[in-house]
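Both of the next two complexes hold subunit A, though its partner changes from subunit B to subunit C.
== the complex of A and B ==
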């Protein structure tokens, strides 16, 4: 598997997209730090990047990459290598390169300018979201043979999690506004990785306002070690579940 | 007349010492005459309730401890011109009928309470019907029991010309409580970690409170049913919770809120029925809501304030706007300044749609900063439908004021 990861990794580097992505993140982060002296305001702007751009790039890049390496996969399948190894090799290569790009692009300026706990949370949620959306993109790629269709499905995932789900959530909150919803919303928020990442950031940036509604409930929950374990494991499920399903489909798939 | 003043100058001095000639404070009080001084040497004095019924000066040397063993009010003052300084006053009883205190004073004009430490008292200092009093440099710490078992730190009822200065109050119900107190000054105090309000202020006209720090209190500071109050140079910090306010203003008029810092409160200022009050040169930073302005407020002026890193700058519950908002700095302002006079060319509307939604449905705060909310806010800014059209700052500053608070 390491050799497959290595080949795929070189292949990804050759397309230069990853380098461009890294440069984009690096330059925009540095520019934000240069323009604004208040580091929490920079984190705020970066948060929009993390919640919107990172999932989008991850999902689109992964899908396109998967279809571009279709011939490579077919070639590898002709060799005595079993399917999970090829599939996971592809997955790790893509996930690692995107994570690397994100860490370098956002992490380095943060270390340079110093961003503390807020920056760390942002980095953590960015990496988790990258992995989640790479997984989702792999799932959408194995669901269909048509590249355009797969990109469509992948974009739909992105669209659903960043917009449609919040619309539904808002409708629920609106309809049940007379009831205590703290615990229910906690569950609902966990069903969307982007929302979960956003709440983790809200706890850093808007804690005063959040205290107004939930009292100390959210702060106590996410601030405790139980909360950290909870959010990490929920995000991990969001990473693992699509990959496992995709792997099952890929194993039986007629390529 | 001559004889009288001679006698007064001859005021004597009594020394109380655990193993000395006068071993108890009560005994010294009984022996002393009005105008005398009682010097108390270090030691622990457990004498039940100590009643001071004549004009005396009580001075503690190296903080002698007066302990009421949770059974009595520690010191009761029923005379004018009493001075109590340098004691450690501990363990008063707890009772909600007659409010026992560390020092309980009634009709004690010209009372001075200085440099004392209070620990484990129900009320710290409870003064009523007294005028020209001074409470300074004291430290008051309560035992942090539940709400009904904890009294107020410095409690004044029906007083005037009081000076409350440089005290530290922690863990009481209300840090400083003023009811019917006029022409008084609260200056340089630190009131933190109290169960309810850091400062609770009612029916008290013509008072100034300046240079105080109110921090981590259950509900912040409340100023209610009053007029002519100057609130200057105070810090309101970290008052967190569903009903915690940096400053709660209710039915108050002709007052000044200037040069204050409101930092990390759930609500910076909540105002209701407030009229003709000026809010100037304040800094609002990192609050959940910097200002909640209810529609019952009128003729207030908000000018030259800094609004920085607040989740929501302003929210209101009506569409009528009877207040003036101008020349503030808003970090969320996205306008431009073509003529370079430091004032933005297009007005700023501090109330955004989502703040109004959250006002109605508090749960909705969970969706704050999502893409959906971003789109909603943009649409609302282009075509205002819910947010009050006239609530705006026509002269928003491009750069923050340098207040150095």
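== the complex of A and C ==
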């Protein structure tokens, strides 16, 4: 497996996309720290970037990469290499390089400007989101042979989790506003990794007071160590489940 | 060496292989022939584990290949169209494949030298012509000195000099007692290189016997003519008893 990861890694570095992504994150983070001295506000603006851009880049880059490495996969399959090793090698190489880009791009300025615990939460949720969307992109890549279709499915995941789902959630909350919905929304929020990351972030920023009773309830839940364990495990499920399904499909795929 | 039992592969509505049973023995050289889309490449890819059979099983050295991969050490595969990582250099490609194997056996770099691939090892794969790609595929297939060689249209796209080099190499390996499976549409090549013939038609094995036998029955001296006559007689359904498949 390390050998496969090495070669995929090498291939990813050649495209220079990861470098551009790192530079983009680095520049936007530094720019935001320059514009504002209150690190809380900076983190809040960064959060919006992270919640939109990170999933989008992860999903699109991973899908395109997977199709571009079809030849590599085909070549490896004629060699005495196990299918899961090929697949997981691809996965780890892509996930590691995107995580590395994110850590370097957002983490370095944060250390420079000293962002503390809030910065750490942002970094953590960004990395988790990267992994979740890399997994989802791998799933959409093995579902179809057609590159355009796979990118479409991957983008649909992104649209769904960052826009459509929130709309549906709002509609549900609005229609059932006569009932106590705290626990129900908690469950619904867990079904969307982006929302989960957003709540994790917001609770760090002391603006949860603005969210009224629900905010207080969330603060009580997610603020506790149980809440951290809960959100981490839900996000981990979001990472593992798509990969495991994708691996099962890949094992039986005709190439 | 390679045994195939009732192998069926379904692609959606299309049945690419229909209960194919075949035995490939070490030391023999098989010509796998049939019209385009008759299932030759699907059969080869099933043996390599690239295509997963719908039903049936394949054994290499007596072990089922399902979920196993180490058996591929024994097989050198030259694809019909070689797909390689496009921005790799030829040298890097060879290094990578060599590196992927845990303990590579004695390397056979004869073809690399004969095709002068070392001289152009800094060229990137996407700049290569179809013929040069074929040469790379051939050199990779022979590189690890495997006992089984599966060659999918090896001579297609090669210049006459290279065709002769490759044919000589195949002949040499055949004489070493290796198992060869060759598909081709060029009957003259097969006449020189193969001893057995397997004829596939729409996913069914229609003929499986030695070339000498086929020539004998049809009374032809050239493989091309013998096969043409066999196909005609199969189509007419006035199949002589001897040609009739088992």
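The definition used in the following text is that the second predicted complex is superposed on the first by the 248 of 255 C-alpha atoms of A that agree within 3 Å, B and C clash if a C-alpha of one lies under 4 Å from a C-alpha of the other, contacts with A are read in each partner's own complex, and residues count from 1 in each chain.
In the analysis below, contacts are C-beta pairs under 8 Å (C-beta built on N, C-alpha and C of every residue); 3 or more make two chains touch, one makes a residue touch a chain.
These figures come from a predicted structure and were not determined experimentally.
Asker: I'd like to know which partner A:195 touches here: subunit B for first, subunit C for second, both or neither.
Answerer: first
Asker: Which partner chains sit in contact with A:169 here, subunit B, subunit C, both or neither? Use first/second/both/neither.
Answerer: A:169 sits against subunit B, while subunit C stays out of touch.
Asker: Using the superposition on chain A described above, determine whether A:52 touches subunit B (first), subunit C (second), both, or neither.
Answerer: Touch status of A:52: first partner only.
Asker: Tell me which of subunit B and subunit C touches more residues of subunit A.
Answerer: B
Asker: One more residue to check, A:11. First (subunit B), second (subunit C), both or neither?
Answerer: After superposing on A, A:11 lies in contact with subunit C but is clear of subunit B.
Asker: Which partner does A:77 contact after superposing on A: first (subunit B), second (subunit C), both, neither?
Answerer: Once the two structures are laid over each other on A, A:77 reaches subunit C alone.
Asker: Do any residues of subunit A touch both subunit B and subunit C, and if so, which are they?
Answerer: Subunit A residues touching both partners: none found.
Asker: Can you list the subunit A residues touching subunit B in their complex?
Answerer: Checking each residue of subunit A against subunit B gives 38, 40-41, 47-48, 51-52, 162-163, 166-167, 169-170, 173-174, 177, 181, 185, 189, 194-195, 198-199, 201-202, 205-213, 215-216.
Asker: Applying the document's contact rule, which stretches of subunit A touch subunit C when the two form their complex?
Answerer: Against subunit C, the touching part of subunit A is residues 3-4, 7, 11, 14, 69-72, 74-83, 252-255.
Asker: Per the contact definition, I'd like the list of subunit B residues that touch subunit A in the complex.
Answerer: 240-242, 244, 264-267, 286-289, 308-309, 311-312, 331, 358, 360-375
Asker: Which stretch or stretches of subunit C touch subunit A in the complex?
Answerer: Counting only subunit C, the residues touching subunit A are 11, 45, 48-52, 69-73, 75, 77, 79, 83-88, 96-97, 99-101.
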